[in-house]
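Below, chain A partners chain B and then partners chain C, in two separate complexes.
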Partner chain A sequence: MNSAQLVSLSIAVLAVAVVLLGLVIITGRALNRHRERRDARLSADVRPLLMELIGGDNDEELSEPLLLLAALDERVWRTLEPSAISMLGKVSGNARVALVRLLEQRGLARTASRDLSGLGAVRRAVAAHVLGLLGHAEAAFPLVRMLSDRNPEVRAAAVRALGQVGAAGAAGPIISSMAGGRVPFQLVAQALIRLGSGARPALVKALSYDDPAQRAVAVEVLGLIGAVETAKVLVRVLAGDASTDVRVRAARALGRLGTPVCLDALLHATGPGHPHAVRVEAAAALGDLGSPRAVPTLQELLADPRYQVAHNAALSLARLGGPATAALTETLTERAGTSAADHAWEALAIQDLQAGHMPRLPASPSR
Partner chain B sequence: MATVLVAEDDADIRDLIIFKLEQTGHTVIAVGDGLSALKLAHEQSPEIVLLDVMMPGMSGIDVCRALRQDPVTAGLPIILLTARAQESDVETGLTAGADDYIVKPFSPRVLADRVHSVLARTRA
Partner chain C sequence: MSATAAGVLAGLGTTDVPGVLAGAAGAAGQSVDEIVDAIRAGAQWTLMVISAIILVYSVAINTSYLMLIFLATWDAIDSHRRLRFFSQEDTYANPLTPAISVIMAAYNEEAGIAESVRAMMSMRYPTFEVVVVDDGSKDGTFERLRAEHNLVEVPRVIPDDLPMRGKVLSTHVPADGSASLLVVRKTNSGRADANNVGINLARHPLVCIVDADSLLDSSALLQVARPFADDPLNVVATGGVVRIANGCEVVGGRVAKVNMPRSWLVRIQVIEYLRAFLLGRTGWSRLGGLLVISGAFGLFRRDVLIEVGGFDPDTIGEDAEMVARFHRHLREQRRDYRIVFVSEPVSWTEAPSSMAVLARQRRRWSRGLAELLWRHRKMIGNPRYGRIGMLTLPYFVLFELLAPVVNLGGLALVPIALWADAINVEFALALLLASYGYAVLVGFVALAVEEYAFRRYNSWRDLGVAAVASVAENFGYRQFNAWWGLQGIFAALRRTKQVWGVMTREGFSTPGRSTGGNRG
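The block that comes next holds the complex of A and B.
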């Protein structure tokens, strides 16, 4: 065979391959379309039953659709299952209870528990996600094991699921799963918030961990769940943690908790002996806390040489209103031409805008 | 009973709302986007509007604002449906003129009750 014949043969083989590939693609698409149409048809017939179940108000109304859906042929059920699972996260009350009962009866929890030890990471992550949506308490222990899964998506799904399941005992392992950045801060914080006060002992314990990220998440969550009984512990963190980031978060948490002990600690933390970032956050947290006792300190801070400290103090005064507004007005008139007056002017203008009217003040005194 | 206009892009939620409101005797007109909702609010004269906040194209808050600015629809009672993570949108929504809001995940029964009470309040 000469080279011309070889080229012709190659082109012919290539053309046949292209045609075959085209046929495979067209057939595949046609089959997919057919399958989608068939599934949509099958699902459309039983979808009203699912709505009847979720929309029912009492056990009497639920029993018939529950029986029918639980007994559905597997092929038909498969077309409805994605909607049923997705609805779990979208409804609450009786509707959710009914859905969980249906999915338990269809064996979803059993299948998901088995899939947790599956070979594919996607399968394991989906299984963790489903168990979380079901709020399946028995899944807590296997989900804790998944926190050390080799795949980051599976670890993330396990953390989320443990938060949804409400397994307070998992708070410690959830915090530990952050070590070395193996699970993102935000996910851990969200899961711990969902666990609420049940997570408090583990959070307090984490305040003494070596990893600053773990201490930071513990401080942040204690503030967000309103653990007022931990205020004194957080005051110690604000005063002396080795990490500035942790101290900043402690200031924020104390502002949220708002007890008298928090106020004293925050007033102290605005002082010049503390790191700049801590002073900035303490000035802002005093606005969150909302005590008029903070007004004299915040008014003094308006003259602070560090812009962000003075700026946050002004915003906090604007948020406090009442005597704080009077302090801003006083600073504006009595310290005219200084940076303190500028900060006061800005805060009063913001206060006006937030009240829904244009600033009534003259142009800034420094301009 | 009333004609309710529902704008919700999630087909599952939309079907559930239709089922629940029809079960309680309302007539439901449902669409999947904000623009269609705005159009139907003029064409079908609903008595109350349920708007999902997050929709493609025009958000529920945009629709709410547009309905309030039009003298024909300015008096329509409006309920917003918002995800828990978007609760900050609630303030914006109420400022835009919404009468009430429902946070997802929601109970279908609570939704029906809320529609009923907003209707009763505006009819009074």
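The block that comes next holds the complex of A and C.
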């Protein structure tokens, strides 16, 4: 082949490739449109039945649409199934019960349980997702097995599903699945929050694990589920955990729990002997906790040289309302012209706004 | 095939190098004709070599685009798979989803600021605040905001985590005590410094930088924040896609219907944004070498922004420079980190619709890139900086910074080389093919990916327009772009005064309004 022929051939190859790509684009769009129209046509008649099902209040109202939907032709059902699954995550009460009954009658739980051992990762992840949405309690054990799946998305779907299924016994394995960052922190926390009080023993046990991420998730969840009986344990974490991040989360958790023992620990944690991040969080947590006993300490913190500590103290004082107002006003007069007074002005302005007044402004801003 | 390729290369001309050198060596004692012949032969040889370099360069640059598009396709397939077993509700309902401070630096945005802020405040995200920094606007930007949100002045202590050049004049919040909006008035000091002021005042751990005139999809924050939720220890920044809003229907500060723009100049930019910004950056993200997060839509960890010193007001491409500094700082500290591009949440922006404004924008981009590469030259080819040093930055030098030089050089030299018999017609055709034909193919591949993965343009007409624009991009637009790029490089070399320039906006079309929602 000479050079002219090679160039001609290249032009031809490029032209053919461009035309083929054009055809691929056009065909893809045409097929997609055809599919959408067909699905819309097939589901148009039965979609109202689905609405009727989730809108029904009693068994009598539910029985007819349930029977009709359960007996739908497979081809028609396939067009409706994605909507039904998607609704499952958005409805509650009777509507949810009715949808679960329908999907179980359509064999979705059976198929998903079988797919958990499928070859494709997408198939396994979708199966875990569906079982979670259905709250299929029998799936708990196989879902725990999926926590060690080789695919990260399957592991994530399994964690989420275990939280939805409400398998309290899975709390330990869920926490263990975090090791080495194999499952996202937030997902684990959310699943454990869903498990609620049943997860407490496993969470307390996790506080002594070596992995700081596992301790962090345990601390965070104990605060979020309001496990007040664990406050003393969390106080110990705040005082002495090796990880600053875990201590920061412990401060936040104690602010949420709000027992007297939490207050003392948080007041102590604002002291100069603690890491900056812990002091910042403790100052904020005192606002969450809402005790007037925190006012003197917070007032002192207004003069802290670190901005974030003083700022969070001001925000906490603003949240403490009446008892803090006097302390803030006192700071304005006694420390006029200092950064403490500036922070006090800011806190008073927030209080004014919350009370529906125009915020007070310093006569000559020292900002 | 290699033999036939050698055939094409044989068309480079007949001059052999030793002959040229010998001719030159003996030139001193020979006649003027012989000297002229030797010079001619030398020129022919030079033209021949340059032509060969341009051919190889064209093939390499288009192949690199193609590879980035394939990587982006892989990413898009992954995202679509994930949709079947992932719901945004998980992020939305999770109490640990990190809160975001959205920073909007505004300068003379009176026409659209109220709608932009309203749209921003109605974003779907569990906890976020909007911090508008009015950078010394000379129009009624602040007054519009004050009227819209019933703002009152509050005394705020301004932290100095980042240095600020402008002076903060006042801070304002809605009178009803809602804490989700803060408006800061300051003296004019440029966008980068305004962003730094916003970062200083941001209360939340993640900071989202958006343009005051950007239109975000309502779930954009949820999606762009997802990598932070998935991998909170390592992800330090994410960037979202920026698409072109010209021609789209805008309702309540949101893009309600996506249409192709009416002007061919903007239509071509739609294709360019698709190929270079959406697919190109997704590809780089997949490689772990993302260098550019658009200033129009980027999410950063506030603590890392503070560590690296915030945006640099002395550079014109401050968004890319910031990302380069992230890489540099975190690599030097030997920390594990990830900077991720998310291909689905979209920020819509108005693209230049006149040649003059487009020229200014492209000169600025090119100059920004040149300055970035010069400032971080230590990283280029340095294994200490991993993929960013060994792959991304060398690529940007070779295929982004130098592309205008090669493009225009090729355009000028190839006809001369043909005329001077340094190359034959077949070789010239091969060059055209490698440069333009291959580029058209790359454009069509990008269109195919758009069609299968994103499908934002729904009408058949828009599809046809996009196909024509993919071809048209190569004739005129590319050459002008290269010229402006070259001007930007020269401006960087001469270190002339940096000018951001005015972006003349035509506004978006809003159904039911005869004049459209003009944005200034």
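In the analysis below, the second predicted complex is superposed on the first by the 321 of 367 C-alpha atoms of A that agree within 3 Å, B and C clash if a C-alpha of one lies under 4 Å from a C-alpha of the other, contacts with A are read in each partner's own complex, and residues count from 1 in each chain.
The rule we apply is simple: contacts are C-beta pairs under 8 Å (C-beta built on N, C-alpha and C of every residue); 3 or more make two chains touch, one makes a residue touch a chain.
Keep in mind that what you see is a predicted model, and the values were worked out from it rather than measured.
*Asks:* Per the overlay, which chain contacts more chain A residues, chain B or chain C?
*Replies:* C
*Asks:* Could you tell me if A:Gly89 is touching chain B, chain C, both of them or neither one (first, second, both, neither)?
*Replies:* In the superposition, A:Gly89 touches chain B and chain C alike.
*Asks:* With both complexes overlaid on chain A, does A:Arg47 touch chain B (first), chain C (second), both or neither?
*Replies:* After superposing on A, A:Arg47 lies in contact with chain B but is clear of chain C.
*Asks:* State whether A:Pro260 touches chain B only (first), chain C only (second), both chains, or neither.
*Replies:* neither
*Asks:* Which holds for A:Gly55: it touches chain B only (first), chain C only (second), both, or neither?
*Replies:* The first partner, chain B, only.
*Asks:* Just chain B (first), just chain C (second), both, or neither: which does A:Val122 touch?
*Replies:* second
*Asks:* Looking at A:Ser339, would you say it contacts chain B, chain C, both, or neither? Reply first, second, both or neither.
*Replies:* second
*Asks:* Need the overlap of the two footprints on chain A, from chain B and from chain C, as residue ranges.
*Replies:* Touching chain B in the first complex and chain C in the second, residues 86, 89-90 of chain A appear in both lists.
*Asks:* Which of the residues in chain A end up touching chain C in this complex?
*Replies:* 1-7, 10-11, 14, 17-18, 21-22, 24-26, 28-29, 32, 86, 89-90, 122, 125-126, 128-129, 153, 156-157, 160, 181, 184-187, 189-190, 193, 213, 220, 224, 307-308, 310-311, 314, 339, 342-343, 345-346, 349-350, 353-354, 356, 358-359, 361-362, 365, 367
*Asks:* Can you check the complex and tell me which residues of chain A touch chain B?
*Replies:* Contacts found on chain A: 47-48, 51-52, 54-55, 57, 83, 86-87, 89-96.
*Asks:* Show me the residue ranges of chain B that touch chain A in the complex, using the header's touch definition.
*Replies:* 10, 12-13, 15-16, 18-20, 23, 104-110
*Asks:* Under the touch definition given earlier, write down the residues of chain C that touch chain A in their complex.
*Replies:* The contact residues of chain C facing chain A are 4-5, 7-8, 10-11, 81-82, 84-87, 89-91, 93-97, 152-161, 168, 173, 175-177, 229-233, 424, 426-427, 429-430, 433, 437-438, 440-441, 444-445, 447-448, 451-452, 455, 460, 463, 467.
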